[in-house]
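Same chain, two partners: chain A is paired with chain B first, then with chain C.
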Partner chain A sequence: MLHVELVLQGLVNGSMYAVVAIGLTLIYGLLRILHVAHAGLYTLGAYITVLTTNATGSLALGILAAMLVVGLCGMLVYRLLYEPMLERPPYVALIASIGLFICMEESYRIVFGPYGSSFDMPRLGERIALGPISIAAADAAMLVGAIVLLTGLAMLMRRTRFGVAWRATVTDPAMARSFGIDTIKVRYVNFFIASVFAAAAGSLVAVLNNLVEPTMGSVPSYKSLAIIVLGGLGQVGGTLAAALLLGVIEAYGTIYAGAYLDRDAIAFIFLIVVLMIRPQGLFARGS
Partner chain B sequence: MLELKGLTCGYGRFVAVRDLSFTVRRGEAMAVLGANGAGKTSTLMAIAGQVAVQSGAILFDGEDITALSPMARCARGLALAPEGRRLFRDLTVRENLVVGGYVRAARATAANMDKVLALFPRLEERLDNLAGSLSGGEQQMAAIGRAMMAEPRLLLIDEVSLGLMPKNVDICYEALDALRRAGLTIVLIEQSLERVLDMVDHVCVLESGSLAWAGTAADARGNPDVIRAYMGGVHG
Partner chain C sequence: MRIRLKYLALALSVTGWVCAPAQAQDVVKIGFHAPLTGFAAADGKSAKQGAELAVAQANAAGGINGKKIQLVVYDDEGKPENTIPLANKLIGQDKVAIAVSGGYSGPTRAAAPVFNRAGMVYLSAYAIHPDITKAGDFIFRTGMMGEVQGRAGAKLMADMLKKKKVVIVAVNNDFGQALTAGVEEVAGKFGLNIVKKYTFAMPDRQFGPLVAQVKADAPEVIYAPGYFFNAGPLVAQLRAAGVDVPIIGQEGYDSQRFIEIAGKASEGVIVTTSLDRDSKSPATRAFIDDYEKAYKDRVDMVAASGNAAATVAIEALRKAGSLDGKALRDFIRANAFETSIGKLSFNGLGEVKKPVQVQVVKDANFHHYAVIDDLVLLAPPEK
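Presenting the complex of A and B:
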């Protein structure tokens, strides 16, 4: 049973990484921008969830508000920050993005205070039994939430005309334009959906930990950057696999090496080793 | 249907095509010939809105489209099968065709796809394959098919036969011929002189970015001026 529970725990963490990292991959795939500030939006999503839930008593409303507001903020970040520098070399946007991320973390500290916030009433603390194994309700919510979001995204991308146009734009924006696709709209939708995903992950982590802090985005930010490289930059499927793999490795590492190293250290050792062996990512395709 | 008036276009400050004028009437086919680097692709891409026009004007159905976006040109009935095909490699052939028809109503997609498959039956079995996995000939068919999904009135096609096996060249030319007979206006770029003169009405030859010769296909056949310009001055 230990293995089942470890894998399950790994998948829970991995699905959180996946939801954050897929947003990053979508943005990298379309614009070749490493959107570090993505993790700032994730934190914002967590704060909005806690504040709205405490104000209204409805967690569902809190999560929805977070997704909507953060989605709009993502479009704003594109419009105000990235769009003016699209013609510049990629590191310009990267530096700007790091700057924005730091700025966001400090703003949260000023506005919401340095000590973090919690739900007035602890949420989803109980455990659900599935035969011999049991899983925390919050963990289950994370898994189910990730599955719903990722399936929804896959359906949008595969089954709708707009989704196909979106993927065409990622492959060849100039040709997409010549076939009448509004590639600017694709960018806004891309930022909206990616940011909605960040917000959803932030919400679910807030529920999981019953704590949101100004700096809660730092570790997910570094990890998700490493994950998208591991997944073969810009590839949604590879990103998903890399995120889940990292989650499981972490879960095992915590049990078998947890006495010497903490979870994040284990994750980074894994990421560094893999990237040393396969700098092109685990799932890079030959060109 | 299409009129270029003193078109000068290029990349940044670089001028690729200078002061080019020609007219293509409705239902006609025009071939743009010339040596490597003569400016054929630049001309075509300027018509499609992909290369910057530095001066001059492009008229489509009497409307000045010089400042229109590629999207708007597509909506007005201009479709492109570009150099190198440029299919969306990570999309299936079916999805490429869907993108081709993106400017038209979704409910027109099925009927238009049937027309494309009637033109290129070979694509039928490849519909669910990734476009990147197609052979050169199939890619050209898919590229022409994708353009036809936009229900164009003017088809722009670059390098019809380059890199294709003779059998596939036949298939593509037969398809273009059928489309032209059905009333489509075509501007095409071609490297091999033989095949193209049978199919087009008019020819213009570019030489280092300028118009070197223009006339009917019949006059172009065997014309030493055309051959010389076409060879890019190799013989002179």
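Presenting the complex of A and C:
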């Protein structure tokens, strides 16, 4: 029974990593930018959720507001930060992104204070029993939320005109343009969707921990980079699998290797091992 | 020619910069560093506010023989590599008379030898690493050592709560290690059976796997050293999983934020700390009331500790008869100080001697539960 719970908890953490890392993958896939400041948007999403919920009493409204505002902020980050440097080598955007991330963390500290914020009333504290095993409602919300978001994304990519345009732009931007696809619009929508995912992850984590802090993005910022590399950069399916796998490995690592290894070190040992054996990433296709 | 003028201007401004503090003899400076930005910014802010309050009140009461006290504050970002240059700056450039650390163990441990070599008294407010005071006889600690508080935790669990089967879940830094070591040191004496030990990292907020495992271990009591931002989610997740045995925390929990994060789950959690919210001591009462009035925020252990360390520094500056490092050191050694965290006196190593406060969360506030004043059990090391 312990192992069922460990795997379940691993999947809860893994689905959080997945929701953050998918956004990063979308952006890397389209523009080859390692968008470190994504984790800053994740923190912003968490803050907006808590503050709106406390002001209005509605968690649903808080999450919606977070997704909308952070989605727009993501587009703004693209317009103001990345677009002017698209012609530069990729490390320029990376450095700019790290700079923006640090700036965001310190701004949150100045604006919201260093002590962090919580919901006035802890949300989803009850426990749901499924036969012999039970799961906290907040954990269930994280799992269900991740499934809904990822299914939605899959539908969007496969069933809509935007999905076709996105895939065409990733494969061959020049050809896509010649077929009349507005590749600039694709980029904006791409940043919007990726940032909505960051906000959703932030909201779910705020509910899970009942705590949002200025520095809450620091671990996701580098762990999600490890995950997208593991998943084979730019591969949506691979990112998902890598995130869930890492969640479960960490769950076991915390219990059986916690005395020697920090939980956050596990991700990187896993990453090093994978890069030694499969340098193209765990789930990369082709050569 | 233009370049030369520039150099001249630069030289003038540099000498002006150097001369200015030398002329300002009408103030007495206390050096202070704390993590005002970065991962520990919450504690840094509390420590700074606590120290500032002590200075403001001392100035309102006439300062030091008519001279105003100035707190020279630097941000150490919680990083040990920052405090050596900071210490040199405080000594050489700011020419402070005494220094206080409102920071964590790493930064404080790095700075202690620098202050000691300069013959300047340096007081650690709440950093717990044993090596800090070993840097020399100018270094004092007004907070409790981790080991000492761990021993108090063991007595609390075994003697007062009569629970013997304990699981330890500790943050994996010097704070968690020192507290765990304190419990282990006296576990045999109290008949405590430490079934399992687990660790987590300071950034961890999700403890699902640990909670599942602790539940399977079925302890009678859980000893969980960590900070409020770990402890809030940890306690909430343990209670949500149906683990209802007593949870014992320590001074890292001692913030109203812990209660806000954990909500109802925080009720009944017992912590060993240095601040007694229900104290009748005038120094403690005045501090709690003044702090909450001045900052419109609830007081916490770190604020009280920053205040206590600054209070000791101010008392020494006032009464030692000289601002010389040796005179200040000898005065602190020889005297007892009435502070927000009780009456403090120091042993030969510079470690504080004082009882441990035990507080329990009741109706969303910390309240008095007990005092552990067995000074043999709580004796800090002498060397």
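Throughout what follows, the second predicted complex is superposed on the first by the 285 of 287 C-alpha atoms of A that agree within 3 Å, B and C clash if a C-alpha of one lies under 4 Å from a C-alpha of the other, contacts with A are read in each partner's own complex, and residues count from 1 in each chain.
The rule we apply is simple: a residue touches a chain if its C-beta (ideal position, glycine included) is under 8 Å from a C-beta of that chain, and two chains touch if they have at least 3 such contacts.
It should be emphasised that the depicted structure is a prediction, and the values quoted were computed from it without experimental measurement.
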Touching partner for A:5 - first (chain B), second (chain C), both, neither: second
A:152 touches, of chain B and chain C: first, second, both or neither? neither
Contacts of A:262 with chain B and chain C, given as first, second, both or neither: second
First (chain B), second (chain C), both or neither touched by A:218: second
In the superposition, chain B vs chain C on chain A residues touched: C
Touched partner set for A:237, first chain B, second chain C, both or neither: neither
Touched partner set for A:84, first chain B, second chain C, both or neither: neither
Touched partner set for A:208, first chain B, second chain C, both or neither: second
Partner chain in contact with A:171 - chain B first, chain C second, else both or neither: first
Set intersection of chain A contacts, chain C complex versus chain B complex: none
Residue ranges of chain B touching chain A (in the complex, touch as defined): 48-50, 69-71, 73-75, 79-80, 82, 86, 88-91, 95-96, 98-100, 102-103, 106, 146, 150
Touch list for chain A against partner chain B, complex: 161, 164-165, 167-168, 170-172, 174-182
List of chain A residues in touch with chain C within their complex: 1-2, 5-6, 8-10, 12-13, 16, 106, 109, 113-116, 118, 121-122, 125-127, 134, 136, 138-139, 205, 208-211, 213-216, 218-219, 250-252, 254-255, 258-259, 262-264
For the chain C and chain A complex, residues of the former touching the latter: 37-39, 41-42, 44-45, 172, 197-201, 203-206, 208-213, 216, 229, 232-233, 236-237, 240-242, 255, 257, 260-265
